[in-house]
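What follows is a structure written as C-alpha cells; I'll ask about it next.
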Amino acid sequence: MSELQELVEGIRRDLESHLGEGKVADYIPELAKVDPRQLGIAVATIDGGFHTAGDADTPFSIQSISKVFTLTLALGKAGDALWTRVGREPSGTAFNSIVQLEYEKGRPRNPFINAGAIAVADLILAGHQPREAIGEIVHFVRFLAGDDSIAIDHEVAKSETETGYRNLALANFMRSFGRLDHPAEHVLGVYFHHCALAMSCRQLARAGLYLAAGGSNPVLGSRVVSRERARRINALMLMCGHYDGSGDFAYRVGLPGKSGVGGGILAVAPGKASIAVWSPGLDQHGNSLVGTAALELLAQRTGWSVFGP
Amino acid sequence: MSELQELVEGIRRDLESHLGEGKVADYIPELAKVDPRQLGIAVATIDGGFHTAGDADTPFSIQSISKVFTLTLALGKAGDALWTRVGREPSGTAFNSIVQLEYEKGRPRNPFINAGAIAVADLILAGHQPREAIGEIVHFVRFLAGDDSIAIDHEVAKSETETGYRNLALANFMRSFGRLDHPAEHVLGVYFHHCALAMSCRQLARAGLYLAAGGSNPVLGSRVVSRERARRINALMLMCGHYDGSGDFAYRVGLPGKSGVGGGILAVAPGKASIAVWSPGLDQHGNSLVGTAALELLAQRTGWSVFGP
Amino acid sequence: MSELQELVEGIRRDLESHLGEGKVADYIPELAKVDPRQLGIAVATIDGGFHTAGDADTPFSIQSISKVFTLTLALGKAGDALWTRVGREPSGTAFNSIVQLEYEKGRPRNPFINAGAIAVADLILAGHQPREAIGEIVHFVRFLAGDDSIAIDHEVAKSETETGYRNLALANFMRSFGRLDHPAEHVLGVYFHHCALAMSCRQLARAGLYLAAGGSNPVLGSRVVSRERARRINALMLMCGHYDGSGDFAYRVGLPGKSGVGGGILAVAPGKASIAVWSPGLDQHGNSLVGTAALELLAQRTGWSVFGP
Amino acid sequence: MSELQELVEGIRRDLESHLGEGKVADYIPELAKVDPRQLGIAVATIDGGFHTAGDADTPFSIQSISKVFTLTLALGKAGDALWTRVGREPSGTAFNSIVQLEYEKGRPRNPFINAGAIAVADLILAGHQPREAIGEIVHFVRFLAGDDSIAIDHEVAKSETETGYRNLALANFMRSFGRLDHPAEHVLGVYFHHCALAMSCRQLARAGLYLAAGGSNPVLGSRVVSRERARRINALMLMCGHYDGSGDFAYRVGLPGKSGVGGGILAVAPGKASIAVWSPGLDQHGNSLVGTAALELLAQRTGWSVFGP
C-alpha cells in the first residue's frame, strides 16, 4: 500500500470518533435526511495516482461546490467581462446575505456567495433555455470528471425550488438593479439544478484535477482552461470558497477549497493533487466540520500548503 | 547580469510612464509631502540572491506593513491566545472601518486592519511601558533585516499622533467592550510609532525573508518562527493584507502581500523570495497602484504564484 | 369667501413659482408620465367645512398613502396581533431598504415602509383570494371617502407588477423567515393594486377625516375605528409616514402625515381637519417637495400643530 | 384633593406591584447603586397647578434628559446653523451606536442620541472653557426650573468620565470627520457633567414647563424660546426622545418625551402640562420601564395625547 493511501486511511480512522459532529443542513428538506455519520476522502494526484478512504463512493449533493464548475464554464463564455457582473472580494458576511447587495447596488462581491453564483448562472443562460443551460453544465462536469454517470438529483432540485425564497429574494433584488438579463425563475432554475448535482468524492476529486494541474486534466489528457485561469480560479477559491470562514480555512488548511452545504469540500494542492472530502455535519459558517478537520490533517501530514515549504 | 536582475530592471522601465499615478495618502500630513514619481523594487531570494531597481534604497514610511512584524512578535509572546483578541477573516470593509466592531462586539476581524493591529499593539504592551514596547519592535525589525540603521521617523509618528482621531475612536471603542488591557493613549503610542518605521525596499525585502524561507532567514542564519507559523502568517497576508482589495491582489498577483499607505508592499513567494516594492500613489483601497502593477508583472514574468504551476 | 378658503388659495398662489421642482418618480413607468407642474390642496374640517385649491379634483396614484387605509383595515381584522408581524419604529433607512430585514430576521420595522405594508397585505389576504382582498380594500376606501367612484388605475398596477423586482425581493426575503402566510405573488398582487388606487385630493381629504375626528367621520356619520386606535394610527403616521424624512416633516409641518411616490400627502390635524395635497415632484426621500412646502405653509398660517399652542 | 392629584396618586398605587422591574443601568458604576424600587411622578400644569406622588422629591441623575436643555441652549446660540452639525431624523439604532456615523460621515442623526448631544456640547463650548460651559448649562437649568439648588452630582460625572470609552470613541470618530471644533476631552467634559445633573421629578417638571406652554414658563413669567421653537423641540422629543423605542413611546403614550438612563422621563402635554416621572429600572432600549407605564396610565386617564381628541 502506498504511503499516501495509508495516510488517507489513517485520517479516516483518526476522525472516527468525531463522525456525526456538526449540524446537517436543514433548510433544504431533502438534505436533512442524510446520515451524518459518514466521511469520504478521495485524493487524485496529478501523476495519475488515486486514493480513497471511507464513503468515497457515496454520491452526495455537491451544492455550492458546483459554483467552481459554473464559474469555469462562464469564464469560458464571457471571459473577463464576467467581472463587470461580479466582484472578486471576500464578502465578510454569510453566504446568503443580502445586506452587501444593497450597499453595493446589486453587484455581488464574488462568484461563490449565492448572489454571485446567481449572476454566473445568468451568464450561462445567455442564448439558452434553462433546460439547455442545465444540460450544458451537467455535460461539462461529466467532461471534467471523465464520468458520464454524473447526474442531477431531481428530488433535491425540487426541494430547493420549493423552499428557495431567500435565493428568489437575492435574484429579484439583483434584477431590480438591472443586474440580471433573464427572469429570476429561469436563473434560479439553472442555479438550483446545478447545486443539486450528486457526486461522490471519487468523481469530485477527478473533476477538480484541472485546477491542480495548471488547467488541464493529466489523466484524461484534456485541457480545460489556461494555466493562468486555473491559478485565478484557485485564488478565488482560497479567498472566498468558505464564505465567512474562508480566512480560517486558509489559516488551518492552507489550500484553495470550495465547500457546499451538502458537506462536501473540493480542495486543490496546486501542482500536486485534487482532493475531495465529504461529511454532512456543518459548522456555524455552513462548512463541513469533519471534512475540514480531514483536510487539515491531510495538509499537515503531506506538508501540502500554498503558503510555504 | 543575472536573469532576475534584468527582469526587475525591465519592470521598473516598463512602468516609467505610470509613475505618479494614484493618490498619495494625505490624511497623515507628513506622508503628503512625498514625491509620487518614485518606484523601488527589491527581491531577496532564499538562496541569498539580491536584486533591486529604481528607488530601492530610499527609506519610506512602511505604515501598515509593520503589522506583519508586530503580529509575528505578538504571536511569539501570546501564542494562539492572540486569536481570542482578533479574528482571522477578511473584513469586507475599509481599513479604518468601525462598523464591524459594533456588530462583533469590539473584536477586530483580523490583525491587519487598523483595529486588529491596535489589539496586537495592546498585547505587545503587556508588562511594558510604551517606550519599551516601541523599542522592542524596532529591535525586532532590525534583527529581521539584519540592519541596525532602521529607525522610526519621529516626524511621521508625531504627525499621526496629532491627527489620529479615527484610530483613537477605534481604540476607545474596543476599550468600551473590554478588549484592550491598556489605556488607548499608550496603545496608540505603540501603534503610531511602529507604523512610522522608515525602511527602504532593500531593508524591507530582507526583513521579510523569513516568511519566504519557512520561518528562518537563510542569509542571516537566524530562526524567527516555526515553519508552520510562517505559513500561517502568509495565509493571513494573502487573505487580509490589502484590506478590501485583498481578493483583487490575490487574483492579479497570486502571492501573500501586505501593503501600507506609505506606498510600500511586502510580498512573499514561499520557497522562492521576499519582495518589496514602493511607489507612493494609492488606489481606492489604499494600496500602491504602481507597486501592485510591478508585483503583477513580476509574478507573470517569473511564474511565481501560490496558486499553480 | 371663508378665511380658510382664502388661506388655501393663497398657499397655491405662493407656490406657483415652485411648481415642477423635484423629481417625478420614474421607477414605475406609468408614474413618470405625469405633468409635474400641478399642485392640489384639499382641507376637510371636522365641522363639515371643505376647501380646495389648484388641481384638487385631478386623480393621482396615491401609492403608499394607501398603507394608512390597509393598516386601518388590517387592525380591524387582526387587532394588536398585527404587531407580532410588524414593528412600530422608524427605520432609519429608505422606504425600500432590505438591510434592516436581514438584521431583524424578516420583521419589518413599521407598516409604512414597503416591507411592512407587504406584511399588512398578507394579513388582509387571510381567508381570501387576492382578487377578493383587493375588492375589500377598494370597498373600504370608498366607504371612508363616501365616494363610490374611487377605483384602481390598472395601468399603474400593471406597470408596478411588471417592474416590482425590489418588492418581490422583500416579499421573498420575508417568506424565507416564515413571515408571510401567502405566496409572494398573491401578496404583491394585493400590494401593487392598493398602491395603484387613483384618488383626487378632494377624495383623499374626505377619506382621512376619521383620523382627525377621533375615529369616526362626522360628515358621513360613520364610525371607523375607536378613538384610541385613531390616535395610534396618527402616531404611526407621524413617526414613520415619510420614510427617512419623517423627522424633518415632523419638525417643519408638525402634523401626522403619510406620503406616496405619486406626489400625494395625507396630513391630519387632530381635532381640526384632514388635509390632502398633491404635487408630483419628489425630494430625495421620495416625498412630495412642493406638497410638503404647502403643508408647511398651511401649518404656519393656521397654527395647526400637534406640538404646541 | 383635586382630581389630577388623585389621578397621580392612583397611578403610583397601581404600579406598586411593578416597582423594581427592569434593569438598572450598570455601565455607569455610580448609577448601579440606586434602589430600583422607587417611583416618582410630578405634573406641572400650565395654569400653575402642581401635583406629585411617590418619590417626587428624590434627586436622581437626569442623564440624557439634559439633552433637551442643552439643545434649547445651543439653538439659542447657534440658531438653525445647528442643523448643519446634527440631523433631525430617528436613528433606527441604539443610543450609543457608531455605525450610522460611519455611513453618514460623522454627522449624528439627531441631537438626542449620544453622538448628537456631543455635537451640541461642542457648540455650547464655542468661546468658552469647559468649566464655563458647564457653569452656563447649570445656570440655565436653574433658570428654567426657578430653583438655584439644582447641581451636578460630581461622583456621577467622575464615574462617567472614567468609564466613558464609548463616548470617547464617538467624539474622536466625529473629530476625524472634522465635525467637532474642540478637543474630545473638552467636549466630553461638558457632556459628562450635564448628564450628571441631579434633579427631582418636582424640579424636572418645572424645568420643562416652557415646552408645554408655548415657549415661556407661565409660573415664573419668563420667556425661554419662541412658540415655534418650543413646538420644534417637542417634535424632536417625540421623534427621537426614546432612542430606538421612540415609536413605541409615541404609540403607547402619545406625548413628546425624553428619557435618561437614570430612569427619568420628561414628557410634555402641549398646552396642558409638563410631566416628570422617575423609576430606575430600564427596558431593553434604555428607557424607564415603570416610568413609561406611569406615563401611559396618565395619558389614558387624562386623555392627554397629541394625536387626537
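So that you can tell them apart, the chains are marked A, B, C and D in the order they are listed, and the count of residues begins at 1 in each.
To be clear about the criterion, a residue touches a chain if its C-beta (ideal position, glycine included) is under 8 Å from a C-beta of that chain, and two chains touch if they have at least 3 such contacts.
What you see is a predicted model; the values in this text were computed from it and never measured.
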Please give the intersection of the contact partners of subunit B with those of subunit C.
-> A, D
Between C-D and A-C, the pair with more C-beta contacts = C-D
Report, in whole Å, the distance between the mean C-alpha point of subunit A and the mean C-alpha point of subunit D.
-> 55
Where subunit A and subunit C are represented by their mean Cα positions, the distance between them in whole Å = 47
Would you mind pulling out the distance in Å between where the CA atoms of subunit C average out and where those of subunit D do?
-> 32
Contacts with two or more other chains, residues of subunit C listed in rising order | none
If two chains touch, include that pair; go through all of them.
-> A-B, A-C, B-D, C-D
In their shared complex, at which residues does subunit B touch subunit A?
-> 87-93, 100, 109-110, 211-215, 227, 230-232, 234-236, 238-240, 244-248, 250-251, 254, 256, 270-271, 305-309
Touching residues on subunit D, where the partner in the complex is subunit B | 97-99, 101-103, 165-166, 168-173, 175-176, 184
